[in-house]
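Take a look at the structures listed below.
Two complexes, one shared chain (chain A), two partners (chain B, chain C).
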Partner chain A sequence: MKRKIPFHIMTASILCILVIVLVVVLTMIFSQAREAEPIYPGKGVTDVRMLSDWFPKLKGTNGDTEVYILDSGVKGSSMLVLGGTHPNEPAGVMTAIMLIEYCQPESGVLFVIPRANNSAFTCTDPQEAAPMKYYIDTDNGTRWFRFGSRATNPTDQWPDSEVYVHASSGQQLSGSETRNLNRAYPGREDGNFTEKIAFGLTELIKRENIQITVDLHEASPEYTTVNAIVAHEKALDLANLTLWMVEDSMKITVEASPTNLHGLSHRELGDSTNTLALLMETANASQGRLHGRMDSDLVVTGKDKFYTRAYGYGALNVDYPADGISLSERCARHITCVKEFCSMYEGEAGLISLGNLPSYDEIIDQGIGHFLKDPQ
Partner chain B sequence: MIRNNSGGEIMNRIIIVIMTVVMLFAFVACSKGAAESAAEVKNTKTAQPVASVPAAATPSTGTVDSEYDPNVKVEFETQTNADRRVVTIGTIDKSRYIAPILVTSFGQSTDAAMLDTVMKRVGVDYTYNPAVGADGVAGYKTIVIAVGASTKGLGAAGISEADETARAKAIMKEVEANGLEVICCHIGGSSRRGALSDVFTDMVLSQSSCIVLKEDANFDGKFTDYAKAHNLPISLIFATKDTVQVFTEIFK
Partner chain C sequence: MLMYVYLAIVAFILLLVVVNMFRKRKNIFYQIDAALVMVTLILRLLLVK
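Now for the complex of A and B:
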């Protein structure tokens, strides 16, 4: 007698196989998020270390991250630039990468951390339909960059508590802020994963005696603090002087770091170390609540008709032209201010001067891709 | 039924094994954040928009569009520009503004800190106290007030609008009683205009003998109209840093 496999078992098997294929493919796509974009250090980079060199507990974890050191060899002050505190704010990362690949300091030492929260680069925010990568054309080819999440990957720190209590102040915030690096400062040696990253950064600032720390961010165009420099009270004078240098080329304001809002870099790093703590915000449509289709183009061009329309209704805090606010323009703002923070700083340790950086107009005219290395 | 013979037994076992493998894979995937994986698959180049923002993906073409044309911008004619950075209408009698000088804020924006930065560079003796009380005014001859208000600044300083307004009123009373010269400074530009800012501006203007204004805040002519009507000298500046030039002329 010939055995026949009943139809329902047949169907179930096929479905199961399909599910397996689907899961395998999805897992493969999903694991790509752990691959970091290549960075090609330029002539100015004298050393590449890891954050765990300053805080060994980070070693071997997803929170350990590269620290690029650009030492001019000329005695002077030191500056730390943080990109990627929030990996869904690409202008910060791109500015940091541009400094690594292009800048050649003439005096002092520049420390650059392009992926301050490395873990947050390995996932995206749920339900945002965020692209995994965005693409920038250089003079000879296209490079890709990782678009990440605002917060630490839940696989590195989970679950979130209902309420996030900031350790040193007792301030209570929503539980979702537990994995936000910019609410974790100054960090704790024995704290949660994100607090450990913050602690590592604070350690670096203390031990290297960093005079100026700039934390590069972006914000949605409808947010109140945007196109702004936020400064700790010790750094207000430097921020004001910098504003004088850049206000002819861009609309920008200086805001004081609120004394009653804790865990942020411009508050806690200024309070707990000797550094002049500054934070910058540019307008990033892909981060907002009003944008249309979310893809690499939106991230890079910033072109979005809904934002332009919202601007027309007076709903935004920035001018939003039909041409968008491009990543080049956002990076130009960051780079120009970083350069001027250095040029206006007169510290006891000496000057710091960032050489070989394009001007604001050059970056906007030629695009950021022109100032990145070609893909290798 | 086949289920009862050995072939069915084997089939069942195979299915159980497959299901176990599927579950295992599912767990591996989940541990990497199931939610993110779902979001990301939507955006790989092959998968076309499973738009999570459907409203935005299909623009409405209703009457709303016709109300707004992004190419039409309301511009007002400014007297200052990058080459002509300071324009003073009227004559500032610099002999009126003598030491001791107090610099303060009405509205707690960072514009007062900017005045602090300016005064430092001008190089005159002054006292900077953005939150000075009415009892701290006596003894000064000149008061420089930054009138740009910011709800953010008030929030950051932990001061309510009502308290700040009350402080400002009390200070202006003391200023009048002690005969201080008042310089009204609005140097934060158009972003520092608004109902709250205007309350402080009006309060200060009524006792000012001179106005310093970053001109883009004058889009409705509020400051120049007032200066004209009350015969007050007004210095229009193109950018914040030009305050240095105006203050150098006044105080040096």
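Now for the complex of A and C:
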């Protein structure tokens, strides 16, 4: 006699099949986030290495990342530019990519890391409705770029501790900062995943005797440290000289790195290496708490009606025009200051000159896309 | 090491949810609830994010 399958077993089985289908579809969508945007090295790039060349423990992990070397062949100083410490701050990433694709140094060596925290590019921050990509028009087509998270992907480092204790100082921070690369410096060889990435970057700076390190960031327009250069005390002179050179083009301030705030690049890299450690912040509406719909347009145009209103109420720390603060303008700030850091630096190892870079006004007028390689 | 402990906990909870789903219930919405919980647990177990 044929036995009838109970109704609740049948429905549970059907639901299990649906769950499996849903998991497969979601896995395919999420795995797209692991695909990195293409970068087309320009004439200035002489070598592409991996961070694991300086710290082999990173090899084969999501923490390993590309290091682009632009060696002029003329004796001089060296500079490291870090983009993508926080992949939800796209001006840093785009500035690094523009340097790789467009810059041709005339003296010294330029090291560029566009995805400093490569793992954080593979996810977005929870509950932010952030896009996985944003799009920029070049002269010959549209290119896409990855929008990531502020912190390392939890699948690479999990779970977070309740309290994050910075190893070398004992400073206590919120547990969510455990995966923040810019709270992990100078890093630890046997530390957690993010501390290992920080250690790899510190090793690169030490072994290559990098004279200037610039960590490119963005902050929300209502944040206190924005449109600013934050400098370690050893780099304050360089930051102030740069300020004098660029203040005709843009409003910008110089802030001294707090001595009691540990784990940040401008503090720890300056303390633990010989490099002049600098960090830059531009105003990015997509990062703030006040913006409306979050999409690629907001990331690229920086235009948001709620921020315009907040500016009218005097709630912001930067000038916020009605047409927003575009990615081109934010990159123009970064590029102009990076160029001036080099111009103003007079080190024993010699000068460093970043040739073939557009001016602030040229980037604003023609857009960042004009200075990126065509996707073809 | 701690991650594997958490994954073991996730796997155990997932097992309980599946077992509970197949138990006799009068209301199908209990089973739909369980299915939705399973999706997030499986994704976490597979380290998909």
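Everything below uses one rule, namely that the second predicted complex is superposed on the first by the 355 of 376 C-alpha atoms of A that agree within 3 Å, B and C clash if a C-alpha of one lies under 4 Å from a C-alpha of the other, contacts with A are read in each partner's own complex, and residues count from 1 in each chain.
Just so we're on the same page, a contact is a pair of C-beta atoms (placed from the backbone, for glycine too) under 8 Å apart; a residue touches a chain by one contact, two chains touch by 3 or more.
Keep in mind that this is a model prediction, so the values were computed, not measured.
Once chain A of one complex is fitted onto chain A of the other, the partner contacts of A:Gly170 are absent, as it touches neither chain B nor chain C.
Legend: residue contacts after superposition of the two complexes on their common chain; A:Gly312 is shown touching chain B, with no touch to chain C. Looking at the shared chain after the overlay, A:His8 reaches chain C, while chain B stays out of its contact range.
In the superposition on chain A, A:Pro159 makes contact with chain C only, while chain B stays out of contact range. Once the two complexes are laid over each other on the shared chain, residue contacts for A:Cys123 go to chain B and to chain C alike. By the touch criterion defined above, A:Met132 lies against chain B but remains apart from chain C after alignment on the C-alpha atoms of chain A. Looking at the shared chain after the overlay, A:Leu18 reaches chain C, while chain B stays out of its contact range.
Measured by the number of chain A residues touched, the leading partner among chain B and chain C is B. When both complexes are aligned on chain A by C-alpha atoms, chain A residues 6, 9, 12, 16, 19, 23, 26-27, 30-31, 123, 153-155 touch chain B in the first and chain C in the second. Those residues of chain B that touch chain A in the complex are listed here as 2-3, 5, 7, 11, 14-15, 18-19, 21-22, 25-26, 28-29, 31-33, 35-44, 49-53, 56-57, 59, 64-65, 68-71, 82, 110, 113-114, 116-117, 120, 152-153, 155-158, 188-189, 191, 239-241. Here chain A touches chain B in the complex through residues 3-6, 9, 12-13, 16-17, 19-20, 23-24, 26-27, 29-31, 33, 123-132, 149, 153-155, 224-225, 236-237, 240-241, 243-244, 247-248, 253-261, 290-295, 305-306, 308-309, 311-313, 317, 321-322, going by the rule given at the top. The part of chain A that touches chain C in the complex is made up of residues 6, 8-9, 11-12, 15-16, 18-19, 22-23, 26-27, 30-31, 122-123, 153-155, 158-159.
By the touch criterion given at the top, residues 2-3, 6, 18, 21-25, 28, 31-32, 34-35, 38-39, 42-43, 46-49 of chain C touch chain A in their complex.
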